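First, the structure itself, so that you have it in front of you.
Chain naming follows the written order as A, B and C, and within any one chain the residues start at number 1.
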């Protein structure tokens, strides 16, 4: 195969890994701390993209400024979601799942009402292409990877080095013991939820320059995120990263070289994985 | 006659031995007590025997057959049924339904029979209902047969746990702390019922209990575990005088005068 | 803890609605409304399958996949092998779906609950992807052309023609739904039903009582696959279209929603939930994106305030009144 095609696919893989990591790490975090399956997580990705769109085209804000602002907005919005829609369910898995679906539909519909179904674009603030190791890499795509790496490291350090991060990890291991130790469970959960959602929002914003936003970009993303989390193991950060990479590689290579049969084999492998090693590559056993 | 032989059963959880080389026999028709301080491995032993866990080493022979690797529903079918410490029940179902489920093992109603409500299915169901009522009356639960299990007072829940065990028609019934927490009167009544279970229904019993007086009062033989090892086995009066047993429970080397 | 109700509806409770629905086309002649009823019928059948699996404590997120299997099998039998549509193909398509359920269910059910749910979710994805991957066989993303409607019912004249009138489809699905209801009702009252419920109540205890939990979960799953395939096969001949988008993951998820929304564990609840949500979707269709929002709002309100599902509304109202009185 052509070298340049291969390189292109690899660049694509790297970029997709970045996007997927941002989303999967968040989903994993939510699952670990709140023990719920946040089906509407993809909508926060969508919201992030919309926020950046509004800030850049509506308010004329610089793209680099719009990203953190959008992340903040998405984080705050997610606090509302957690407080009023998930918390009343007290961690019940099933109602939370259904609430996630309901929120997914509701958010998609709401955004469709407000913004319509047409694709929205912004001008690419990073139209240049950079030469890395003899390969042309669009800067916009590189940015995604850079932000993803930085965020993952930040999350990792946060979880390991800060008090709040450790509280979150305690919650993941043993919620009852954690609350007995005086950890304000509700607060930690809310913050964890917000961080995870903000990450997803950032991913959406980062994708905007090279893609577009519609109210519908969230749903397929959440499915991917779940596959990643299943593959990598729930509640595992390195698992989320590895899973993201595997899926990104599969999506890029598979689609380019093998077409739809790649996805088919992929899904079958996930099933086999669930049967043989359900805890994923790195997950802790239940 | 030896009903069950446990040979060299060892169970490791991670690096920790919950059971080490446990050897004993259960004789048909006896009431065998299983005692030991907390954490000695009594419930683990039950779990291994009943097929909930697989032992790391060793085997379990029941009526001449090696049942070590069998899953728990198979073990129950062969005749070994256990009850649980916290009186595990089908909480959302009625007392009657709870007991009836366990009886299913011996029902002849097939899937098609149920679907078409055949005469055989109906007759079978009538027989089961009779049999279940008999068990409920035996356990003095008939009056509450339509109550939801979760609404029952504690003592009744324990009785229901045993009723479920009985409904599965065991030859060997493993009881896990059936009277812990009961007041002396309740406990005595319960013990009488257990004696009747052995005498009238010809079921061999194994009994895990903490109350020494209860155990000594009802058991024909006693087996003592400590830290996963068998430290004594024999008649009640021997066990109460056994130095190792006393030390395991009280941690003292001398018998207080 | 799932509030699975035991069988409590008397058979007579079904008879009156049945008569009502049999006579309905005499009053309701508009094709659109009949169409809604038919859609409710189709999805109720599939949803009842999901509900059955739910009584054993398992979540099935792949029912649309079984519908697709049923639909495609039936279409291909007609288009490629010339079988008469629906009457001959329905049983075969349903049975094929059942076999797939057996093949997948057996290894899948040995895993813990949540993993099984994920496997079923992936299963739906696999089916859809399989359809897309082999377009020569299945028509891929374009779907299968010209899936014929079933042959007209002779004694009904114009009303018996599937292409022209909705009436034959209505009665057929009514009959199929009735059949499904009878089967589900009987299962609930039988030994199988009580065993399934005991598994969802307390799996460990059920095992200790001698119940082969995997076998019974499998039986429920296989029966559910049968009805999924049945609904799917009917659906393609009714719509005269066989397309992968008719059987998407979201359909699977929504069907689970219908069951839970209506009232987990209750047969009537499953049908009610399906009826309410599908009606809402259809009737609100004209409002465009609004309907998604209204739909979601209905769901959210129900999840927050009626966690046991729509069917617990009378009870919740009663409790609410009692609380107010008690003040």
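The criterion applied here is as follows: a contact is a pair of C-beta atoms (placed from the backbone, for glycine too) under 8 Å apart; a residue touches a chain by one contact, two chains touch by 3 or more.
This is a predicted model, so every value here is computed, not measured.
**Q** Report back the single chain whose CA centre is most distant from the CA centre of subunit B.
**A** Of all the other chains, the one whose centre lies farthest from subunit B is A.
**Q** Using CA atoms only, can you tell me which chain is the most central one in this structure?
**A** Taking the mean of all protein C-alpha atoms as reference, the closest chain is C.
**Q** Counting in whole Å, what is the centre-to-centre distance of subunit A and subunit B, each centre being its mean C-alpha position?
**A** The answer is 50 Å.
**Q** Let me have the rounded angstrom distance from the C-alpha centre of subunit A over to the C-alpha centre of subunit C, please.
**A** Each chain's C-alpha centroid was found; their separation is 32 Å.
**Q** If you average the CA atoms of subunit B and of subunit C, how far apart do the two points sit, in angstrom?
**A** The separation of the two C-alpha centroids amounts to 42 Å.
**Q** Under the touch definition given earlier, write down the residues of subunit A that touch subunit C in their complex.
**A** By the definition above, subunit A touches subunit C via 85, 88-89, 92-95, 98-99, 101-103, 105-110, 112-113, 117, 219, 223, 226-227, 230, 259-261, 263-264, 267-268, 270-271, 274-275, 278, 286.
**Q** Per the contact definition, I'd like the list of subunit B residues that touch subunit C in the complex.
**A** Listed in rising order, the residues of subunit B that touch subunit C are 50, 52, 71-74, 76-77, 81-82, 84, 88-94, 97, 100-102, 104-105, 107, 109, 111, 113-117, 121, 125, 164, 167-168.
**Q** Mind pulling up the subunit C residues that touch subunit B in the complex?
**A** 1, 3-4, 6, 183, 186-187, 189-195, 197-198, 201-202, 204-213, 219
**Q** In the complex, go through subunit C and note every residue touching subunit A.
**A** 2, 59, 104, 107-108, 110-112, 114-115, 118-119, 121-123, 125-126, 129-130, 132-133, 249-250, 253-254, 256-257, 260-261, 288-293, 295-297, 299-300, 303-304, 307
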